[in-house]
Amino acid sequence: LSPPGVLPLCHRLPAWGRAARQRPGLPLAMCRAFSNNKILVELDESSGVATMKFKSPPVNSLSLDFLTEFCISLEKLENNRACRGVIVTSAVPKIFSSGLDITEMCGKSTEHYAEFWRAVQEMWLRLYGSNMVTVAAVNGSSPAGGCLMALSCDYRIMVENPKFSIGLNEAQLGIVAPFWFKDTFVNVVGHRVAERSLQLGSLHPAPEAHKFGLVDELVPEEKLQEKAAAVMAQWLALPDHARQLTKSMMRKTVLDRLAAHREEDIQNFISFISKESIQKSLRMYMEMLKKKKG
Amino acid sequence: LSPPGVLPLCHRLPAWGRAARQRPGLPLAMCRAFSNNKILVELDESSGVATMKFKSPPVNSLSLDFLTEFCISLEKLENNRACRGVIVTSAVPKIFSSGLDITEMCGKSTEHYAEFWRAVQEMWLRLYGSNMVTVAAVNGSSPAGGCLMALSCDYRIMVENPKFSIGLNEAQLGIVAPFWFKDTFVNVVGHRVAERSLQLGSLHPAPEAHKFGLVDELVPEEKLQEKAAAVMAQWLALPDHARQLTKSMMRKTVLDRLAAHREEDIQNFISFISKESIQKSLRMYMEMLKKKKG
Amino acid sequence: LSPPGVLPLCHRLPAWGRAARQRPGLPLAMCRAFSNNKILVELDESSGVATMKFKSPPVNSLSLDFLTEFCISLEKLENNRACRGVIVTSAVPKIFSSGLDITEMCGKSTEHYAEFWRAVQEMWLRLYGSNMVTVAAVNGSSPAGGCLMALSCDYRIMVENPKFSIGLNEAQLGIVAPFWFKDTFVNVVGHRVAERSLQLGSLHPAPEAHKFGLVDELVPEEKLQEKAAAVMAQWLALPDHARQLTKSMMRKTVLDRLAAHREEDIQNFISFISKESIQKSLRMYMEMLKKKKG
């Protein structure tokens, strides 16, 4: 009974799972993942709503371990009949997620790049294609991959603090958002806004993001969880089956595009990220970040 | 000289006509249809504008008979050189159309479901692909199939009464709007608004519908016909041929998608609607409606 | 390293160049083009920003000579490493460009129509697919092909004078905007606005055009150049390579659609424009324009 858009994910899961398990020396990674090191998962069985709280300081960056844990946690919820909806939010103050972990893309082997990119794809395929109602409670800044996670949910509520910003700012770092980041963005804000924002690598303060629909609603920080619960209740009032089929119908084209070109997309990522010019600009960016901290 | 988007309709017309005539015991249905039982058609030859007034109380539901009559009436106008535009509106107070007639989808034979669905498709192919200028004067609530009819016109004017609502609320009934309902909706309001509205099965009060473009204009009830005539005159000021080719260019992709998958879409509908779970929820819905009336 | 969307243009350039050179009796046209008769090109090497000023009175109409000169000038800038961005604007008061030159479409040979249409296509393929940052500083009215040029840039700033209007008004003349005009328009304003505006052949006063995103910003006439320079600086702050790949990703689908159907599109144009009914309405339109002047 699962909708078409979700099928490829299920078919692909064993393959991805295998790849993960074959990582040399990492049989324990899977266990660690299950123990929820980086993401706190709480399921309220009475409401059927789970909360996934990112707690990977300092900035919830999307490392291979984080992504692996995220996918496994999401899959467990997806297969749990007691769970119908998930709220994703952050346990780290001022940041939702800083996006892909640059250390995973810098000075590593081709095999590592492939494994990392497959995990990024898997996160998106599972979240964007989830049968559950997904609500992003964005309680901090959310650049790049963090923005993608929010965009992949069914609804986005953001704290109204103008110091928090959100956007696909890859171009600022000299890299390019992959086509499926772009597709997800266009589905939310339309072609024109996406074209301009992606080319400028814009990070939009919360009020601006709300103005053109990148986030659906702004609330004071203290009202965020309450609001997320209320929105979730509204979406869960619908019969699951019809809602799931409708969601799949809306997202299938874009999900299928990656599913059909997954290996090609990995090869593109590897060849792009392996370029000396790209490696150099990523190293410079990391130096800058270190200096900022120090 | 007919634009490409309209060709498949013409090609398919004889086949559909045949099917309708072959309905056992219903040779008279075609005649009744011509006699305009359920739709009042008036053509003002001086302006070239026809009005189709739905008068099928209590709620102008889209039964097989209604749809058959609608298609035949529209085809007659389409072939009448004196007619260049059509205003669709309701003669029943407070309701434009309640959408597909649930009794046609409940406890009937597979053949009946097929015939009914083909008539729903035909209505949309003809209205969305019409060469005439089509204006919806929405003078009452317009859920589901009623909303589709409005969406298929060139322009939508709605009475500003917030008690009147419009939307594709199929998900509320546990059913799924077909892909071509969705395509038509996305073409009007964009992907994001459609995704959210379809998943929630939202019925939008007129002012909200106007805010995000589901309807183009709101007017007081007493100004509706006057406004519809004025809009029609504005559209008819353009040369027909260029306007028709432009309309076809805008709608062809979406019309062709159904034309190419019509039988498949009928089979999908039959297998979905024949499920015991769906039949059960439709029966419950009809019980609820009966109780409301009683 | 050039992005995929731009490749077909390069591949096609020699073919087009050859065709141009083969025009009987027009070997000098190419030289004239280089001498910038109709377009004033200034490159500020310190900022890397060129300005192309249309100076072809009375209305900067897009004749074959104008288009040829435009393409050659743009190509020279594209190949000049000192140039990273182009501002297109008008040196003629009150008009940006009046669009395609009707005299090129009226009473000419099939060969001429083919050559002219190829030049229109080339202009769009090069401008919409340009690797440079392109800003339209719209300092006057901009109907039809003039609007297309503005739509093909990365950003549109328009003088806030409500007497200046912009739009794809082809339908008003009884002709149809080609599918790639439509695609470009939809990418900027979305499907619904485009459908209505194209069918009505609307010319939108600057404030209205700004309201629904046809132009990005309005400024007083005296601030236009300053604003264009500021916007350009903002876009040039991004690393070229990532910005170019992103731009190509956003525009590739639409560029490829014409590149794949270019000859077919030329044949369509020729058979449409050669119709006696179309020729007649163009002649009437030219008569009307002449009377206005006289």
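Chains here go by letter, A, B and C, matching the order in which they are written, and residues are numbered from 1 within each.
Criterion: contacts are C-beta pairs under 8 Å (C-beta built on N, C-alpha and C of every residue); 3 or more make two chains touch, one makes a residue touch a chain.
The structure displayed is predicted, hence computed values, not measured ones.
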Practice task
Note the rotational component of the Cα superposition from chain A to chain C, reported as an angle of 0 to 180 degrees in steps of 5.
Solution key: 120
Exercise for the section: Report same or different for the chain B and chain C interface, where same means the shared residue numbers exceed half of all residue numbers found there. Expected result: different
Problem - Mean-CA-position distance for chain C and chain B (Å) - result: 39
Problem - Contacts with two or more other chains, residues of chain A listed in rising order - result: 190
Problem - For the chain A and chain B complex, residues of the former touching the latter - result: 154-155, 186-190, 213, 216, 234-235, 238-239, 241-243, 245-247, 249-251
Handout entry: Footprint of chain C on chain A - complex, ascending
Key = 170-177, 179, 182, 190-192, 194-196, 198-201, 277, 281
